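Input: structures, listed below.
You will see two complexes here that share chain A, one where it goes with chain B and one where it goes with chain C.
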Partner chain A sequence: MRPLELIARKAQSFRSQVFVTRGSNRVDAKSLLHLLTLGAEPGMELEIDATGEDASQAVEQLTELIGSEFEGFERP
Partner chain B sequence: MLIKRGIPVSPGVAIGPAMVFGTESFRIPQQLISANAIEIELARFHAALDATCQEIMLNEKLARERLGDQYAAIFSAHLLLARDQQLVSQIEERIRQKNSPEFAASQVLRQYAKRLRDLGGQYLAERSIDIYDLEKRMLRHLLGERREELSNLTAPVLVLANNLTPSETANLDRKFVLGFATEVGGHTSHTAILAGALEIPAVVGIGSFLDEVSGAQTIIIDGSHGVVIIEPDADTLAKYRDSEARFRSHEKRLQSLRTVPCETKDGVPIQLMGNIEFPGEAEPCRDKGAAGIGLYRTEFLYLESNREPTEDDHYRAYCQVLKAFPDQPVIIRTLDLGSDKMPGALRADYPESVNPALSVRSIRLSLQHLQLFKTQLRAALRAAALGDLRIMFPLISTLLEFRQAKMVLSDVVEDLEEQGVEFRRDIPIGMMVEVPAAAVMAEEFAREVDFFSLGTNDLIQYTLAVDRADQAVAGLYRSGDPSILRLIRMVVEAAQRNNISVSVCGQMSSDPMFIPLLIGLGLRQISVTPHAIPELKEVIRNLTIERAVAIADRASSLEVARDVENYLWGELKKLCPESMQLD
Partner chain C sequence: MKLCDFVVSSSIIPDLRVGTKEDAIRAMVAGLREAGSINAADEAGIVAAILKREELGSTGIGRGVAVPHTKHPSVDKLVAAIALAPEGVDFASLDGEPVFIMFLLVSPPDRPGDHLRGLENISRHLRNDNFCKFLRQSRTAEAVWDLLKEADNNEI
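Take a look at the complex of A and B:
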């Protein structure tokens, strides 16, 4: 659960609303429970989007985090 | 409305609120709250949530100090879950919709748990366990002092569980338990036996369903057809209340058979006795028309309380049973502990065995713990002064074992004589025939014992090598298997040749369709679950010995269990066309 926990905590540190999408599933990145329901595994494509004042930092930092936490993940 | 199916093991219909039973579980008192209580309940929820979080943080701190960061990380994850905004707002939403916080929390958490389980995979299945853990914590904080466990219920419930073991249910409050539904189990599981003893409906072997139900939801358990319904709609509810009424009137009809003699159509008496686990069941047994107790499972004395029962505890229990049957046999079986019924005190000596059914249990345990064994034997011999008490040893597999047990008994007799304690020495000593080895050597055993009792539950288990509690092979456990019929015949004939009595006690004998077969194979003493007595009496009264023998012969000629059972079922329908099976 560690990687997802880090993602949730990181997302919670921003004021913007942040979402992670896998396929047709778009979930609240601040919710560990919702992140779990993504069933994400290394190698999968995830999309990150955010709305709010610190949106661009949120997206940047989370992309960085996911990239380092999930090995073999490619940045678009 | 959700409909689940499983194995019907105790007939009848029960309707009421669910209590989902885990290793530590509580009854959720109510589903709904009134509109003007919403703000209070929201506050109560948040207070409980804060307390939960505090507790988790404390656990994390302790874990970090004592077990290291790795382990502590588990709690930090739990904390993240507990504070999850999505979770919290969903629970709040439910409370605003007038659900109690307990019900709301339980429902929402279980939905998440189910979602994760449905996604599949070991990892997510384990995360769902974390969610259940959180649910337990929250309920504990929400319910506080008002926690009601199985032993101190204040309102009727239908108990739903993965499985129910003897130690878990030994203390349950019988007044408030209306029915059982479990995910695992079969006809001879503890749940089935207990439900039979309590005469409440039960369905087992349903498969996984607990994450689709919460405490306090309305449940229907139809133990006659193996159906469990969660949150029934109005029509279904009405239909089942109807069935409940019909079932009760059928029971009344059978009650009228209480005083008629239990004999075949051609006047041959059949001794129908009762199987009991608690002394309190003796009187109801007699009221149902039992001609004695064919099996008193004494190990429940050990499972009922936390301390080991004393000789006087045993003595009192046996006397209570004898009082209900002053001139009829009462057969006590010495402790059948081990496997799934190991009492707390001995658990330390016996690490979890790989094959509990083949390990130290029953007579083997008694012979390894002479103190325990002698205590029970002393109490039995003393109680025998008050009535026709008989003793039988369970799981006897060799002549040596039987002789050893008898030697212990003679030691006890000597002790009692020396001490001048009042007792009766000439009591019949028999054995359970449940290990195939004993059935095969029936002739030799028949020369040494005073009586046999066929323990079909374990005999079938050991002969067909099927674990009766394992759902994966439950279908292979067949009472009608030709091998079993052959063994029963072998044992009965050996008993007859050596002039000793033989009875049968096991779920098989409580099933009406096997009665003609058992009588046809030569049995005249049958011990059954008390609630089955009236119905079985009806079957017996419609039967002649000639017909029974013909049925037994024909059944014995069939090669597979399914054919035997179909045949017996057909014959039962012919014998009792207006019988039990409702619609």
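Take a look at the complex of A and C:
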């Protein structure tokens, strides 16, 4: 769940609406509750899209964050 | 996976009045012990593990909901307790709002899939405004349990 918190916090730093999709489930990336419904696991493919003035930066930085597999992230 | 498969009915606390998040977690783990879902000898260790997890980042996920959790070798299957706090509990949530609904999960470390599926299941129902509203309106453990059964049958 902690990687999801990192995603939500990062998404919240943008003014754009940001979404993460797994299969047919597209959710608000700024909401931890919504992100939890993805049931995302390491190695799973997710799609990111955004609409708004800083949408391209949002998609770029979120992709980078998820693609890094949360490097340096300490697992409990 | 259904809510009624892993929520322990006799550990539901419909009217929890505590001052802190730590008190809430202690009360919920005690509820699991009283229900026979965890051993008394493991209670303090489970509370400590959940509190340690909270230090890494709050499990207050917004909309007045928190899902404190830990993996612990003393359980052989996923178990969950529910508490409702009408006065709210400060959980240091991401959205800064107090928490009124808590789902506490303890799962075996060697079954990470169950843990994830439990959280996914709970969050899917909590996204439903009616489920949250009816849950907060429940005054007894029986009413909460009936609501969980309705949610499992997609009747909400």
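What to note about this one:
Convention: the second predicted complex is superposed on the first by the 69 of 76 C-alpha atoms of A that agree within 3 Å, B and C clash if a C-alpha of one lies under 4 Å from a C-alpha of the other, contacts with A are read in each partner's own complex, and residues count from 1 in each chain.
In this text, a residue touches a chain if its C-beta (ideal position, glycine included) is under 8 Å from a C-beta of that chain, and two chains touch if they have at least 3 such contacts.
Everything numeric in this text was worked out from a predicted model, so none of it was measured.
Of the two partner chains, neither chain B nor chain C is touched by A:47.
By the document's definition of touching, both partners, chain B and chain C, reach A:31. When the shared chain is aligned, no partner comes close enough to touch A:60: not chain B, not chain C.
In the superposition on chain A, chain A positions 1-2, 5, 8-9, 31-34, 36-37, 39 are in contact with chain B in one complex as well as with chain C in the other. Residues of chain B that touch chain A in their complex: 73, 76-77, 80-81, 84-87, 112, 115-116, 119, 121, 124, 127, 131.
For chain A in complex with chain C, the touching residues are 1-2, 5, 8-9, 31-34, 36-39, 41, 74, 76.
Residue ranges of chain C in contact with chain A, taken from their complex: 52-53, 56-57, 59, 61-63, 65, 67, 69, 94, 113, 116-117, 119-120, 122-124, 126-127. Against chain B, the residues of chain A that register as touching in their complex are 1-2, 5, 8-9, 28, 30-34, 36-37, 39.
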